[in-house]
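Chain IDs A, B, C, D, E and F follow the sequence of writing; residue 1 opens each chain.
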Amino acid sequence: MKRAITLLGVFLIILLARWIAFPNSVSGTTSHESPVQNTTEIPDIESVDNGENAFSLAGEGLRKFIRYSGFRNASAGHLIMIGVGLFFIFLAIKYDYEPLLLVPIGMGIIFGNIPFFQADNLNMQIGIYQEGSVLNYLYFGVLKGVYPPLIFLGIGAMTDFSSLISKPRLMLLGAAAQVGIFLTFLGALALGFHAQEAGAIGIIGGADGPTAIFLSSRLANGVNIIGTAANGDPIYVKNLIGPIAIAAYSYMALVPVIQPPIMRLLTTRKERLIRMKPPRAVSRLEKILFPLIGMLVTTFISPNSLPLLGMLFFGNLLKESGVTKRLADTSRNSLIDIVTIMLGLTVGASTQADRFLTTDSLVIFGLGALSFMVATAGGVIFAKVMNLFLKGDEKINPLIGAAGVSAVPDSARVVQSVGLKEDPTNHLLMHAMAPNVAGVIGSAVAAGILLSFLL
Amino acid sequence: MKRAITLLGVFLIILLARWIAFPNSVSGTTSHESPVQNTTEIPDIESVDNGENAFSLAGEGLRKFIRYSGFRNASAGHLIMIGVGLFFIFLAIKYDYEPLLLVPIGMGIIFGNIPFFQADNLNMQIGIYQEGSVLNYLYFGVLKGVYPPLIFLGIGAMTDFSSLISKPRLMLLGAAAQVGIFLTFLGALALGFHAQEAGAIGIIGGADGPTAIFLSSRLANGVNIIGTAANGDPIYVKNLIGPIAIAAYSYMALVPVIQPPIMRLLTTRKERLIRMKPPRAVSRLEKILFPLIGMLVTTFISPNSLPLLGMLFFGNLLKESGVTKRLADTSRNSLIDIVTIMLGLTVGASTQADRFLTTDSLVIFGLGALSFMVATAGGVIFAKVMNLFLKGDEKINPLIGAAGVSAVPDSARVVQSVGLKEDPTNHLLMHAMAPNVAGVIGSAVAAGILLSFLL
Amino acid sequence: MKRAITLLGVFLIILLARWIAFPNSVSGTTSHESPVQNTTEIPDIESVDNGENAFSLAGEGLRKFIRYSGFRNASAGHLIMIGVGLFFIFLAIKYDYEPLLLVPIGMGIIFGNIPFFQADNLNMQIGIYQEGSVLNYLYFGVLKGVYPPLIFLGIGAMTDFSSLISKPRLMLLGAAAQVGIFLTFLGALALGFHAQEAGAIGIIGGADGPTAIFLSSRLANGVNIIGTAANGDPIYVKNLIGPIAIAAYSYMALVPVIQPPIMRLLTTRKERLIRMKPPRAVSRLEKILFPLIGMLVTTFISPNSLPLLGMLFFGNLLKESGVTKRLADTSRNSLIDIVTIMLGLTVGASTQADRFLTTDSLVIFGLGALSFMVATAGGVIFAKVMNLFLKGDEKINPLIGAAGVSAVPDSARVVQSVGLKEDPTNHLLMHAMAPNVAGVIGSAVAAGILLSFLL
Amino acid sequence: MTPNLILLSSNINLESLVIAVSGYLIVFTALISLFWIFNLTPKLISLGKTKIRIRQGKHPLPQEGKGISGEEIAAISMALHLYLDEIHDEESGVITIKQISRAYSPWSSKIYAVRNQFNRL
Amino acid sequence: MTPNLILLSSNINLESLVIAVSGYLIVFTALISLFWIFNLTPKLISLGKTKIRIRQGKHPLPQEGKGISGEEIAAISMALHLYLDEIHDEESGVITIKQISRAYSPWSSKIYAVRNQFNRL
Amino acid sequence: MTPNLILLSSNINLESLVIAVSGYLIVFTALISLFWIFNLTPKLISLGKTKIRIRQGKHPLPQEGKGISGEEIAAISMALHLYLDEIHDEESGVITIKQISRAYSPWSSKIYAVRNQFNRL
């Protein structure tokens, strides 16, 4: 199957990249080492002796130009990452995999891997990690976790929670799928990550890009102190925002590849044929009450989810109140578009080869794939468990459990697609939207809980 | 009357809130005390003795979760403020009172009063007053007075000054109504506020939210030093941005409740029936000249009004120039919407119970109501005075004086409504727009003057 | 010719301004002197003796008001600059010269020259150079070079590179016209500017506003250290962002005045009548490949161009990918509009008379005019040289060489206009768009090279 | 035993297990609470409406949200979908302008606004 | 006397009274200046136009802004209002797309732009 | 000689001349590289397409981009231009609303989306 190759391709590229780019350091991690590779002194035209003639000066000029050019500074890592960026763009344009995310991220990866001359005492303000560069300013919104809540504002303003309000029972599927988060957390711990890092890695299983960025900017930001070395120096948490974000968005784009086999494996044909009762109509009052009650309940339980869930429900209230149409319009159009561009570009650019191509990144990608699978399985199995207590036309088609991972709306579409293959008249999309949006709430709550336990 | 109950309701809620939340400190103000209430040490799961078994650990986990949850940290103040937020949203949706302001502010109030665990040595970056939180970043635009000028840019790009240009005489009504500002300033001084605080409180009488926020961010921001204590420590001005902004927006929303009785009290039926001459057509050249001349005249007189009035007239020039349509469109749509959302949300969130529920807030609300009434009366009475010098069909319907308070376009609508009740064929709206927009200019000039006298 | 007077007018105004405003300092530059002119002590109402009566206090209040008013603080320089601002607005509205730039810049000039009271120990947060003022916050994006790349993002999202893809040969004309940059660089050095300053001045010849602002914010920002004085103090580079930006935008607006005479001077009538083969259709794949290849090639050659060219090609990919339409829409509408407003306003306001009216500004304006002329000539002459190697219907109409200066799309329109005057059926616009957009790329590459040689 | 070995060699300890298990349970708590509330809400709303109507001496409303069956909704939504789909095929040829700025001039819009607004006063 | 007492016990003093009174007066100054200028402006404009026309040997224009009486404007604006109102009732059923991006391709738009622009050159 | 004098009295030196000359040449290098690549690209693309089609046993495509001559394009673009121009003259009287928010409700749009999307899966 074409898609399987896609998945395999991503893995192989990263694996190869790791080996080719830094053959000597595969065993260890390099994230705490200095990112500066070239420490040769800055070529300085002014230092040329005045006695030299114009001809040798021209040569000097050419040499300086070449020393600063990308050709001279390119490493295998840069080229591989540029290849990955082009591959993301290819996937987005050719297969329409989450293009609104993959095109900016792909372009950002290229952006972040244009090779330039780096030296200790020179800051030409090009790279995303160089203070004062434009990318560095735009990256601020990622580092400080400002972009994700703004994305959630827009998502709230474009999400219709009707399906969830009409069948609140399906909310549980959105909770069940979060098992991926907590198992991945344990998995990351088992592989030697520190608790805060493990929490940030676990959230990949939430299948929600902004939530993943938000949590990792709080927990695995390279700034928090997690211990003290023997000599009294503080030990800093690793900065894993880049790999976590890229993993989360990659797998969200690959949901149509990852989920179907697991869904089919865990369900019988009879189960996949279950037709569900159509949802009832929902009154305007219920739609207005939903964001208000939803916000109070979830943030009282998990106050650390406030930045995400508060914004999500705020956006939804703007949409449903009926009196703030223009604010909802702007939230779900210009505002979310602007933030999406900035977020995608800078998250992509944060994959500068010398920071990104580490064993950690590889492990994170592996754990991320696992967590998506576990989450999918969690949702499907929980739906089957619920069916034990339901009867007749109340029964749930367990396929929609897979939509509980969130990845809105792609995983709901996958449910629809898998369902249609069994019975071309059984439209599950409407029903799958309920666990799908519940999964967004669920992973934001999980993020809040991890914050309160780990911070 | 239903509306009167509304007004009373607001007052009662705040009064009660003050007593219930902080029964012991009603006599004094708490704004300079530490906002941190819980100073118990941070619950730390890691400190549990290794000898304990899994069961007691689970209990510990549960205890930690509860200690961090909103239920455990909620105070009466939080709940009351959440009630106020819900009430604002109710007013906006049910009665359509300034929904573009009240929905974001109401949601912001809820946002700011979700209870979370606070301790001296712990910053979980949730609350608006916690450095590094998302709300704290967005609040920056309020604290530094950046949002109000951007709002004014958008207002300028959506305001048609034709009515004012065609009857420049009505401009005086916009000046007259600013009496509310200066009397409230004296009132606040009389109640013991310092001059800078009194100036910021006075501006509530300008009936203009962005102006109020701008001035209070400059004068009553908690940062300026206004004196020296006996022991040599500096005395800081109080931070009154929150209460002033909430008061200004609340009363702007309540204009349809506050103004009509005063308008009827001060006018005879005969006056209310006066029909005004329709305004003349205004040429394009006049419309282009208006922002240019308006800017030069007002800012030469009061340079401190530049950030507000410069932006207002800049926006209007973008609209009227005819060659910058796309810039005007963006100013009055995406840009003003984005800023409105941020402004409303953070102003609302700044009402965190422990900072907001003080005697000061109560007094400010009282003074604010008074100043709206005084301003309304000022406008109406001045219109009657002008009528002494005008004759025949030049006479002004004194009702439109009430529109001089600004609160665009609500107070103009109130004029129309009160006028229609006397004579259902006498449309005053067109005429009321003139003092209405003049009132915006007037209060911005007043803000500039207060700045130059008090800073 | 009416337009020639326009050009003359601009020069005369600035020349006069310089003499009238600062008659004594024409010989030297003032940019390193303190911008504060009034160092009289702050008028303080509180210092009035308590024994005085109300009458003298009222006088004191009046005096204080006047001392703070614009009338009292206005200098000849302020009034001249306000005149310049009004003139820009007039040009924009009357003649439609680049109104999207000239209206915001013109209004910004007025903004920045409203006179206000300045004193050493008083910051009323009005002026653009006063820390904490709103303009100062918005100016940040200019100072740090953040706005120009965002403008380029929008330009990329609205530019169709088809003409260039179909006739890649015309790309060379976009390179040829950059001769203006490098000759002006030498000219500025010859007039005594330091290398970094000269590089920033040279970029005016690129005829590209955002590029000029970006480069001058990096090279001539008043912050970089370019040497050491005899007493060991560091010598700072001059802050020339304001004059360079104003010169670049002014001449971009005046392209229809500057270019035609030069174009006619350097071409024969026969050459101006040359008809070019219509371009071929371009496939979607080519359009998608263009931004990707363009980005890799140009930024590998000149990594310092990344912030500009990366964003340009990113925007173009959003447009051409076909799957990110909403992101492209937002980039070329709300986002670019918002940034244009902020950029124009603050660049205009940075011309505060006491900083702007210096001999340096005058010299920069002179060099700028020259560089536009040289660039135009460079493009036209190179087209004629190319014709020596081309034959038959491959021949290039040398007029389109003038479009290589960029100034999109005005210089392409000028080509069309001059061409039509010779043969009303020979439409050159389509062909002129190719060197026009190539000129944007060319000047961004040149900016990158100057950065790597001079930083 | 492998699992125990992992526990020993890794950072997993009892605390982290507690975090994982109680974290998962709290997520459930949150969503079960929402389920519980929104299961109740429609009943409370229709109860409230009925009470008000009875107090006002009117007949109770036929219960909203039950009158329209799911089948009907599905039919409607499908019809709507087909309708929108058809329109979509045509719309790419249509050129229009954005809503003219009716909302900003007192000369027209404000009168307009008044008509709509003041019924409520 | 109460007022005096307030003055004593509060922060009100002569200076603050001066601020209040002169502040209010300055607001008036600003708006009266605008009133005065815009009272004059239409006269100056029509004066300017007349002079230019006379210098060009044409008849002076009928004074703009006086030809159309307020009554007529009111009638027009009401008609416009009713028209817009009607349209409003129908528009919610209409689906269109945003203006196609005519402005961006040199293949079509730029020719278009030229036609409109170069009359001015 | 004047030029030499300028060189002496100014900041121009050999280094700055090198910067100017090599800078100009590098700009040319960049744009010549692009020229070279995009001169080649259409050939590579049609080559690739032909190969694939031949491998699939089909006839090679008629070379895209050469079938439509420039003359035809010009004619089409002019026609399009005239058409758009005409429309433009009328559009200012038209009032419409923005695209209704079809994209956001699972009740209609998502079904819609599915139809379009899943052909690809």
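Rule of thumb we're sticking to: contacts are C-beta pairs under 8 Å (C-beta built on N, C-alpha and C of every residue); 3 or more make two chains touch, one makes a residue touch a chain.
Worth saying up front: this structure is predicted, and the values here are computed from it rather than measured.
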Pair sharing more residue contacts (C-beta pairs) when B-E is set against B-D: B-E
Distance-maximising chain from subunit D - centres being C-alpha averages: C
Repeated interface matching C-F, over half of the contact pairs identical, chosen among A-F, A-D or B-D: A-D
Whole-Å separation of chain centres (CA-atom averages), subunit D against subunit F: 42
Where subunit B and subunit F are represented by their mean Cα positions, the distance between them in whole Å: 49
Approximate Å spacing (C-alpha centroids) for the pair subunit B, subunit C: 39
Sequence positions of subunit C contacting 2 or more other chains: 45, 61, 65, 96, 301-302, 329, 333-334, 430, 449, 453
Residue list for subunit E, restricted to those that touch at least two other chains: 17, 19, 21, 26, 73, 77, 84, 95-98, 107, 111
Interface residues, subunit B side, partner subunit E - complex: 164-165, 168-169, 171-172, 174-176, 178-179, 181-183, 185-186, 189-195, 198, 277-283, 285-286, 289-290, 293-294, 297-298, 301-302, 430, 438, 441-442, 445-446, 449-450, 453-454
Footprint of subunit B on subunit E - complex, ascending: 6-7, 10-12, 16-17, 19-21, 23-24, 26-39, 41-42, 45, 64-66, 68-71, 73-74, 77
Residues of subunit C that touch subunit E when the two form their complex: 45-46, 48, 54, 57-58, 60-62, 65, 95-96, 158-160, 162-163, 256, 319, 329, 332, 409, 412-413, 416-417, 420, 427, 429-430, 433
Subunit B residues touching subunit C - in the complex, by the definition given at the top: 144-146, 149, 153, 218, 288, 292, 295-296, 299-304, 306-307, 310, 314, 317-318, 321-324, 326-327, 329-331, 333-335, 449, 451-453, 455
Contact set on subunit F toward subunit A in their complex: 14-15, 17-19, 21-22, 26, 98, 101, 103-107, 110-111, 113-114, 117-118, 120-121
